[in-house]
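What follows is chain A paired twice: with chain B in the first complex and chain C in the second.
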Partner chain A sequence: MTDLPGYPSRRGFLKATAAGFALSGVAMSAKAADKTPPVPLDQYERSYFTAEEWAFVMAATARLIPSEGNGPGALEARVPVFLDLQLAGRYGAASDWYMEGPHDPGAEPARGWQTPLTPAEVYRQAIPAFDAWCADTYGKGFAALSPQDQDAALSALQKGEAPLAPELREFFGILLANTKEGYFADPIYGGNHDMQSWVYIGFPGARAAFREWPERHNVKYPLGPVSITGERA
Partner chain B sequence: MKTFLKIIAGLVVLGVLALLAFLFVPVQRSAPTETLAADWTPEPGRGEYVMRAGDCAACHTAEGGKPLAGGRAIESPMGTIWATNITPDKDTGIGTWSLDDFRAALVDGLTPDGEHLYPAMPYENYRFMSEQDIRALYDYLMTEVPAVRSDVEETRLDFPFNLRFGIRAWNWVALRGGIGFEPTAGDDLQARGQYLVEGPGHCAACHSPRNSFMAQAGTHAGEAGFLTGGVVGDWAAPALHGPESALKDWSVTELAAYLATGRNAHSAANGEMGLVIKDSTQYLSDQDNIAMAAFLKGLDGKVSDVPQSLSVALPQVLPPAKADDAGAETAKMLTEANPEMPLGARLYLDNCSACHFVTGKGAPGIFPELAGNTLVTSDQKTPLISVILHGASVPSTRERPEALVMQGYGERLDDSEVAALASFLRQAWGNAAPAVSEADVAAVRSAAPAH
Partner chain C sequence: MARQEKKKDVVIVGLGWTGSIAGIELAREGLEIVALERGRDQNTVPEFKYPNQIDELKYGVRLENMQKPAQQTVTVRRNGDETALPYRHLGSFLPGNGVGGAGTHWNGLFWRPQAEEMRLRSYVKENWGEGIIPEGMNLGDYPVSYEEMEPYFAHFEKVAGISGQAGNVNGEIREGGNPFEAPRSTEYPMPPMARTYDSAKFHDACKAAGYHPFQAPAGIASTSYVNPYGMQMGPCNYCGFCERYGCYQYSKSSPQTTILDALKRMPNFEYRTHSEVLKVELAADGKTATGVTYWDEAAQEEVFQPADMVILSSYQLNNVHLMLVSGLAAPYDPATGEGVLGKNYAYQMTGGVSLYYRDANFNPFVGTGANGVCIDDFSVNQNDFGKLGFIGGAYWRSGTFNGQPIRSMSLPPGTPSWGAGWKEGIGEWYGHAMSIGAHGSHMSYANNHLDLDPTYRDRHGRPLMRMTFNWQDNDLRMIQYMKTQMEPLAATMQADITKSSFKDIGAQYDVRPYQTTHNTGGHIMSENAREGVVNKYCQSWGQHNVFVMGAGNFVQNTQYNPTGLVGGLAYHTVDAIRTQYLSNPRPLV
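Up next is the complex of A and B:
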């Protein structure tokens, strides 16, 4: 390698300097102006759900984790966005699940996923079936029911009193589980907006540094949460 | 009046003659410092060892290229500089060079044609090398390194840097005295360390500042600028002795361990020094790394804690260090974790303290100390900002094969947050360096990562 008399440089110098010279005046920021409010749920651009399905999950998650009460509800936490993104992605496609069968709808629940349908397909087929049951029973689709009737309908669904085809038997289970996941998962996945559920329960998030705390008994941990992308609350 | 004109004319003639001599009289090569018998042969392995000690591969091996076959493109503001092929290929390497040719390149910066090398080739330092090492290195390159045919692109710099004869004048200023090594250090061990540091190791090329001619301000112990800290592009190569020494709190053993393994109780090597350890010092014997450490620490006075070897009894349990007096206040503030704390401190807790801890002491041999860390407090802010944005890695070394990796936080933190965090680090635990601005961070973010 060669270099110039008069320049204090060695290899790294040249690399780094060349880069430095390349600076233009344009500064870029990783996540400037992140704090613009998110698009309202009724204007949200869906990745997976149809309009009818969206109306259903908005209504159903709002009953599973209602907005009235102490903490944020599923809608404040934007759980439907989480569901939409998950069903559009690997989870919805069951892309890393064993899906070859045999599938036995009569098997013990402990024996796991007993349908050839993916989670996304379960939502797609179960929502109209359940809506039809609601229409038969209450005269209206689920989204149009009163909160009391919605609660009753969901209870019936959970207990198996609202009959669905055998390959849809997991529907209520995954709807409830996915709603909880969207409520508590890191905001990077679309739900838990502004880490509201973490603030509510006092979970400090993705800080991973609590070495000073295990022995401080009966001292309330003072800091709010931090998310994977570095949001603070 | 006539006399006066005669004098003027005489001076002009002399000047022209001097200029012609400067341009056309061949530069004298230095004679070897020792006459070795024609059948002298180095002990097996010595030549390769000298190659490691001199870190030839750092420049002469291209990334992903054949060893020592050159071709590393080095972008500079003056144009691209290409490292040459030093394998024994007769057409594209140094296969036709005699020992005298080779020595002239190493100690005088001359090619066999008498042309000057650019002083990126550290002949300012290699001129201290012993004749035995030079010959061992020559034998190694000629007989043990596979010849690689590799046409390296010729370095073509713009005017005036393309006029290599100008380096002759520079050499008059830059090179002090003849070739060869004169130890000044206290004992044999330190003298060996001094030889490695001043000669093949060419530490002064980065760790000495440059004088007004941009030559190394000190290449030999006792010279004013010797290893008092230099600047390597955007990186600071810290002072290795004196009041600003980065090694102030390091023992000889810790310094030797750093050279041998890239890590010690205080720090972990990254950037340019990481490459030096990866390509060079990890291959040196414990004795030689101890010798260099003893010499460097000896520059600040008597050395008392010289170990016999660097091997440690395993398993080693190293309890986390407590905050020292200077760091106590910051540690207390972070431990209390008051939500009203400044943003930089909060960002430290959110992102850094899991590894570097509220004490800023890190974990010995794994996570570097941030308290008193010269990379953190340097006037050169780019490395710190770059490490926060892009992360850092410590190379795998023979004795400590686990590569250490720090992730980057460029996605997680925006420019103002990085600036707040970096400013916090530079003023926490007794550190006292000026703040980093959002614009500083934006500049580093929009540049390519330095490493």
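Up next is the complex of A and C:
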């Protein structure tokens, strides 16, 4: 099933264009590993985050999906880049949401998003508030804590034991959700670098053509993922 | 000052399933028709084409194909004592947007209601007496019977291109179909879909337990097909991107794949996108509509579109909202039971069991939105309401319908939600889980209703609609009964781990997690003008030239996904318009 390295095989191309649609160029089906390496995260040019916020999300996502063990961590998947781009865009600005007042940010959680803040504003205000709580509790800001203390601080944040204003209550929830989004979304959004998370779990990405597979019972699908731009891994 | 457009015979508000059905059937009568659609135009190419549509973040999570709350939403409260708060971003339900409406992003589960569900109050009365109907439940009969509806269901199945296997053709029970369905006049237009591993396991367990499994009826083409309008569908490739997505390969049944290209060729049909209807305008006596006023997004101005007939075919919530702001009927008052508009809002009651097998490979990304094997052994017409202590039922289904990892990552109980344990869990369990779902009925209640919000307004200055809704004991007892029946069946399937999720008695409605986009009622059908908003032909009791389509007509919700009944009612309505109304416009009842 493996193609020879460096040789774009006909079968490989067909695998990449699983639906039988011709993509616009063979170059687009090049193996992801052939690409120029992306800019290192510490040199990444941010669209939304400040330097302090960047340090926080690098540290926090590295605990939410750590690098140790099998599979990529959030940093290998470049989740912080995804977060930065999402918060700089329509999601961060809540462009599609109904944001008119009056607001009742203290309403029961089951009533949904009720803060007047957008997701980008929640990150902006919650990061220093949580960092201040970490400094009070552990003597240092979050990014400077040991991994064990970082995990304990994030657990406290998740359980509501690190008190934030009601307007910021959704912070942990969106931080975790956005981190998983960046881990699993198509690489065009900046995360899931080289489709490593898809390779890890066995999701074939944008292949989206399985005509002969429904009745192949209990047989593991053998092909690796393709991305929307035609990368393979 | 509104611009005025040239008068049309018919104005259609919303170009989804029912607007498309009304459009093509009335255009074939030679009428001059304009359809007004709030959202964008959408076609298989370019909007839904491969590979762009295969994008979980954009469409599955950020909901690009859906209604934008910034443009239109509701407020929600769980009882009359709460202050309703806006549904600020979509969660529990996902109204569609743009040409094709919710018909573009549905899963394709296609059902006819049971005959008993169309006359549920009478069925209860005959078998157990009205004494078993709980206080506050607005249990009703539909003013049209299954038998009257049967030809329209059959026709809609041919148009929509449904794959399945009949269980009851003219009273003859057929092996492999659903023996508890009402009699059908015909087989499904296409053979059933292929069976995945999880549904095969469920099938075998059901057979062993003495139940009656059958392949889910699907608005997904199992083979190549040409419908009565000459529209062609291609066989599905089980890409696993149905719900929340437009189909990239002409396989999922939708207005685009089954009606719209035929309709757009007709010279007497026109449609305008980014045209949001703000109000139905009434004649001075209020007995007829004169047309609609809409917001033309491109021109940034209000436009009056005069018409002899008005067809309201937007999503259920938006139909009710438009009727409320236009004053088409008296708003429902739950305290007195007076008024009709907004009455009998209902939803869907669901629950299920997940099964985890270390050594099984389910390939969860292989599937369709309507994949799976079902049983109806616990459906409305199989349950002894008097003995069980509830009115209702559920169908059960098992079948992979997407393996998209952001949202479809089923993990065993106790798996951490983040950190090393979570990462280990996704590696261990992705592809090794399956589920069985119970999809249950939801009755109508005095306390669950729709009206106008006193505080929040939309971008045009109109009040938002307010939803008052909570789970009720009757339906919670129903789903708890399903739990007692499903858990023993799941136990026979010998998974390594199982996990149940069924709402408990006392559960409160939570707007955050996705549940279903099966919002029903609010402009219900009725035998008389005191009890509902429209008659059996979905014709407004108040204004005979206004016809209202969709699930808002449902007296109470059935145990099934609503599209089959929605489309059947639409064909029933347009047939009445064609054969009875056009020659002599008047109240048909």
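In the analysis below, the second predicted complex is superposed on the first by the 199 of 233 C-alpha atoms of A that agree within 3 Å, B and C clash if a C-alpha of one lies under 4 Å from a C-alpha of the other, contacts with A are read in each partner's own complex, and residues count from 1 in each chain.
Convention: contacts are C-beta pairs under 8 Å (C-beta built on N, C-alpha and C of every residue); 3 or more make two chains touch, one makes a residue touch a chain.
A quick note: this is a predicted structure, and the numbers were derived from the prediction, not measured.
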item: Touched partner set for A:40, first chain B, second chain C, both or neither; value: neither
item: First, second, both or neither for A:208, with chain B first and chain C second; value: both
item: Of chain B and chain C, the chain that contacts the larger number of chain A residues; value: C
item: Partner chain(s) touched by A:91 [first = chain B, second = chain C, both, neither]; value: second
item: Which superposed partner A:106 touches (first chain B, second chain C, both, neither); value: neither
item: First (chain B), second (chain C), both or neither touched by A:232; value: first
item: Contacts of A:222 with chain B and chain C, given as first, second, both or neither; value: first
item: Overlap of chain C and chain B interfaces on chain A (superposed complexes); value: 19, 21, 207-209, 211, 221, 226, 228, 230
item: Chain B to chain A touching residues, read off their complex; value: 58-60, 72, 74-78, 81-84, 117-121, 155, 157, 161, 166-167, 170, 174, 205-206, 209-210, 213-215, 230-235, 271-272, 275, 334-339, 346, 349-354, 357-358, 382, 409-415, 417, 439, 442-443, 445-448, 450-451
item: Chain A - residues contacting chain B, complex; value: 1-24, 26-32, 34, 207-209, 211-212, 221-224, 226, 228-230, 232
item: Parts of chain A lying in touch with chain C, wherever the complex brings them together; value: 19, 21, 63-66, 68-71, 73, 90-91, 94-100, 102, 104, 107, 109-114, 151, 154, 158, 176, 179-181, 184-186, 188-189, 197-198, 200-211, 213-221, 226, 228, 230
item: Chain C - residues contacting chain A, complex; value: 50-52, 54-57, 61-63, 68-70, 73, 76, 83, 85-89, 91, 193-197, 200, 235-241, 248-249, 360-361, 363, 365-367, 371, 403-406, 417-420, 422-424, 426-427, 430-431, 455-457, 508-512
